[in-house]
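Chains: A, B, C, D and E, in written order; residue numbering restarts at 1 for each.
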């Protein structure tokens, strides 16, 4: 469904993403890992349209979207979360989801699926905070849940999750992971998830891709990837495995 | 009566300004451009081309929309950058009106702008008639504003202020929405500007594009509470009448001093404006 | 009998300065009139129009509702046009010296009068240039209404006489005139520079000229230049500069009217009268006299004031005044003065001259 | 050293902490764990004066410091690594670090401490001239940590320092915390990474719903028990 | 022709120096507090009138008025800060409005105190021509061009290298984090206003010394300063100089090569052009997204 061909992103002299080619289908739960500053978030930014790659093609469902504006990609079914949560300011939690539903899922015209919103609120555990002001009334983890909720409300076909599990307590993390699996199984939503916790990635994902200095250095099953010596050295460190 | 008419003109512009400021999240210092263009288009079309005045009013709005179309690139800018870029456009339009003598009459302006017509025995050019015209215009605009604000577009627009990227990745075409708001606001301002041209009967660049056309409505909108629909209107009437009737008699040259002081006090003690202040009182009493 | 006369003036905003100047003249006129005319009294009600047309209309209406029988004042053609329209609709006489736009008198307002006009300024400037026998003139003028229309008509008239003319319009916001003057210095090389602007413009132009020292023989301006105030404040910029002036300085008020004006002005404001005060005084005095005559005939409410004004024919501080059918002063012709030392000497027209013009001469 | 006594605090009308009492002993590492929304961050912010204290006391060496403005904390030798990467986005990485040593006493030591920061986080040395606002999530987290250490604090308050860090850096981070403790500093650590947190701690508090539900020496803590408590909501 | 262009460039450069001085104070407050002080032009004007008062009352050179101007303007700037600091909600727009109100107050106060008359220095020394080959300048302009450069250098050093200057930027960037570093935010912001006040005072005296002042001028000064600040990019001091000189030169060249009536048009056109090509100004950094 998502095909990246030789994507390169540069900031001034810095090559943050270097010639990356990657595929993710609707049957995938793909883990994206790598050291800090490896270019993972930047890759997400390129896919969702926040940064323009210096070269390469991004195909989604067969069409090249590399020149498409952000909102069009969202309507095509690319949903994403932000590593640093970005709630819609001045709106309540529910209104956040209404906007996502109305414009992301239904497009320019159409109606709001209230049931879907209630479901998402329930799903992400935000039901009792629905009327709070999104920007000022939530703790960090709740903001992360809201990030996921917003992305879900757009009825995406592919979810790009940027460290949504970081900072979650163990129990919550487990619940969240169940939810993601459920989402994947029930709605056939493809998932690409950035996460630093190896255990999480190992239990959640069937495939892992590793970035280092912007380059893709490994792509395979968690088992295989986390045994790769280069990954071990650059990312996992001596303590693990 | 003419005080009320003038106050409503300010109120109409304040409303259009607040529409952009509140919903679009864009503070404009350049609405005088739309007042001027609206006024000039209507004045020239009616005085020179002999169009009927009501059509002139509408075309004044359309002219302002065209002016806004030229300004569309400013939508890439935000905050103070936007505010100032649009001000720059206002200056440019003023200079054009001054220099393009063959069409605009240059610095001498357009005199003999026809007044609002007499229809069915009612003289809309008179004080009372004009009052009903501007009141109707303003009410229609307020209604449009209310409809937009209550819609999902209003919600998305509000969301965009601080988190434009975040709204876009949710599928909101923010550029289009902002553009629509700018054009709508320009149209409203243009119509009011055109009304004013016919009301005054005279236009010249310095007056049509005066900074006053943006400062006074801003003061009014803020004063009344620009996040509400009634606020700018209430603000315009209160500010204008207080200033003209009370402050003016207190200090004849320099009465704006009190206006300025009032503005500062207002911002410090009730930044959401007069209207919320009043309703809050009532809630507390009830 | 006491009459309320409305004064609609800009006391704030961009025209505040000239508005205040005219107001002084109006107050002096009332003072003098009330002292000398035993029978009637004039009470002045002033409303600030904030240099804005909409407020000028409101001001006129307020004055009318307060019982004013006529309006004196007004500054800037764009404010005067709508204000006099409003007055016209209310049947009130509106007399002014603050707008020289031609449209003011061609729009058919029956109750409109003014004592000065572009033509009068033009006559003076052209007369002076003719006496100087200049071959070429550079006109530097503000893009404002009054300045550009005067500049254009002078340009046309000079060109018609075979004088070589170049014109430089500048935006009122302009502060640094060196590039303009440099163009004049290196490209135009005129005999004289004609400045049509306001005080701040003159100061900027003369200052730039003083730095660049173009090879011209005279610097000529119009209103608010040949005034004692300018001489006092900018002693090194003003010497030999020409400008329109009603009276020489130190003023020799020879007529009784002039002395009454000057003495009262000094008593009230503790300073030397300027041209704004003189114009305000003349227009108001003519109005008061017309009101008094109309009152005697009992025609105040029957359009008598306008009628009486049309009958006006009298020598004033600005020369003989007679109003045409359109309300314009048909005789208006300004005089030109020149800064000489600390004095201002009237150098044109010859019959009013108080001294010889220093030509060629420039401030530097 | 630091004592929190029956503290209540919250955000406007919402009260979050309910009579929380804790002690952070000198030279020890105390860790506070608990589910999301338990009020850990709120507690630390109240400690630093970033959230107004409703009732109760915060004592530093016996003196009540509740209500002291935040900016006086630096003089008292307390530094914080805040949650959510509160870095100076418009300043370079190096300037961010320099600001950590703003208090007059530390200014002469800027050079040497910068060097040791870069040694600790080599990634930051590569990025020293970059605007902090353009850093990646993990890099920003490193800046926050390194910046706090620039003040050579006696008391270090750390809120989820491992958030967003790659495993290799997390391991290093805990090494650093252990070293800081060994240098005799008092450390208050909030962490979701329970196992590792308890590993370096001397004392453990468990918070839930704005209350302290468990207070134990780290050696007595059994992780399964702790997790069982988590679920018992 | 070459002479004309050379002189235009030179005039533009000198004008740029005084524009920069006017813009600097606004840029400091904008860069450090994200507050646009719409009363800035009036503060400059206040200083100019201080210069006038000293010259007309005591007969001294307006330059001698700088200490008085600094005192008066800093006091006014502190008042502005007093108001701005009390604004909690929606700081960006509300402070805009509040400072606009203060500007109105100051304009009218100036009008009441000094009347609407046009003022300018009569000091011959400052107006003396300085001729270098084909280039003509005024002594006052050159002097204040130097002052402008010196102040800009000092300011750049202060913001980039001094502890207090860095603290000012830190508070602007993240108030809470700055407090954690031991920076008292209120006092720091006040300092940035006072620094802006000092700059405005110098700018005002310079304005009086080489130009013409009147009470209604304040708003125009603010707009010019604002344009330059935006051209420069938020908080960039070298950008202010470059933006100011660019503006000055563009204006002077327009007058020379086209018509003086288009001078303002040139400034505005340049402004829009730069903004559309470089939305963050000449020296502004782009922000990370996502």
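As a working rule, contacts are C-beta pairs under 8 Å (C-beta built on N, C-alpha and C of every residue); 3 or more make two chains touch, one makes a residue touch a chain.
Just so it is clear, the structure is predicted and the values come from calculations on it, not from any experiment.
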Smallest count of steps, each to a touching chain, taking chain B to chain D: 2
Neighbouring chains common to chain A and chain E, by label: B, D
Of D-E and B-E, whichever chain pair has more C-beta contact pairs: B-E
Taking each chain's C-alpha mean as its centre, the one farthest from chain A: C
Chain C and chain D, separation of their C-alpha mean positions in angstrom: 76
For chain B paired with chain C, centre-to-centre distance based on mean C-alpha positions, whole Å: 35
Chain C, residues touching no fewer than two other chains: 12, 16, 20, 143, 171
Shared-contact residues (touching 2 or more other chains) in chain E: 108, 111, 261-262, 264, 289-290
Multi-chain contact sites of chain B, meaning residues that touch two or more partners: 95, 98-99, 165, 253-256
Pairwise chain contacts under the document criterion: A-B, A-D, A-E, B-C, B-E, C-E, D-E
Chain C partner contacts - residues on chain B that touch it in the complex: 1-3, 6, 9, 95, 98-99, 106-109, 111-112, 196, 199-202, 204, 206-207, 210, 212, 244, 248, 252-256
Complex interface listing, chain B residues touching chain E: 21, 27, 73, 76-77, 79-81, 83-85, 87-89, 91-92, 95, 98-99, 165, 211, 215, 218-219, 222, 251, 253-257, 259-264, 267-268, 271-272
Chain E to chain D touching residues, read off their complex: 163, 166-167, 169-170, 172-174, 176-185, 235, 285, 287-288
Residue ranges of chain C touching chain E (in the complex, touch as defined): 12-14, 16-17, 20, 143, 168-171, 173-176, 178-180, 182-183, 186-187, 198-200, 203-204, 207, 210-213, 229, 233-236
Touch list for chain B against partner chain A, complex: 152, 155-156, 158-159, 161-163, 165-175
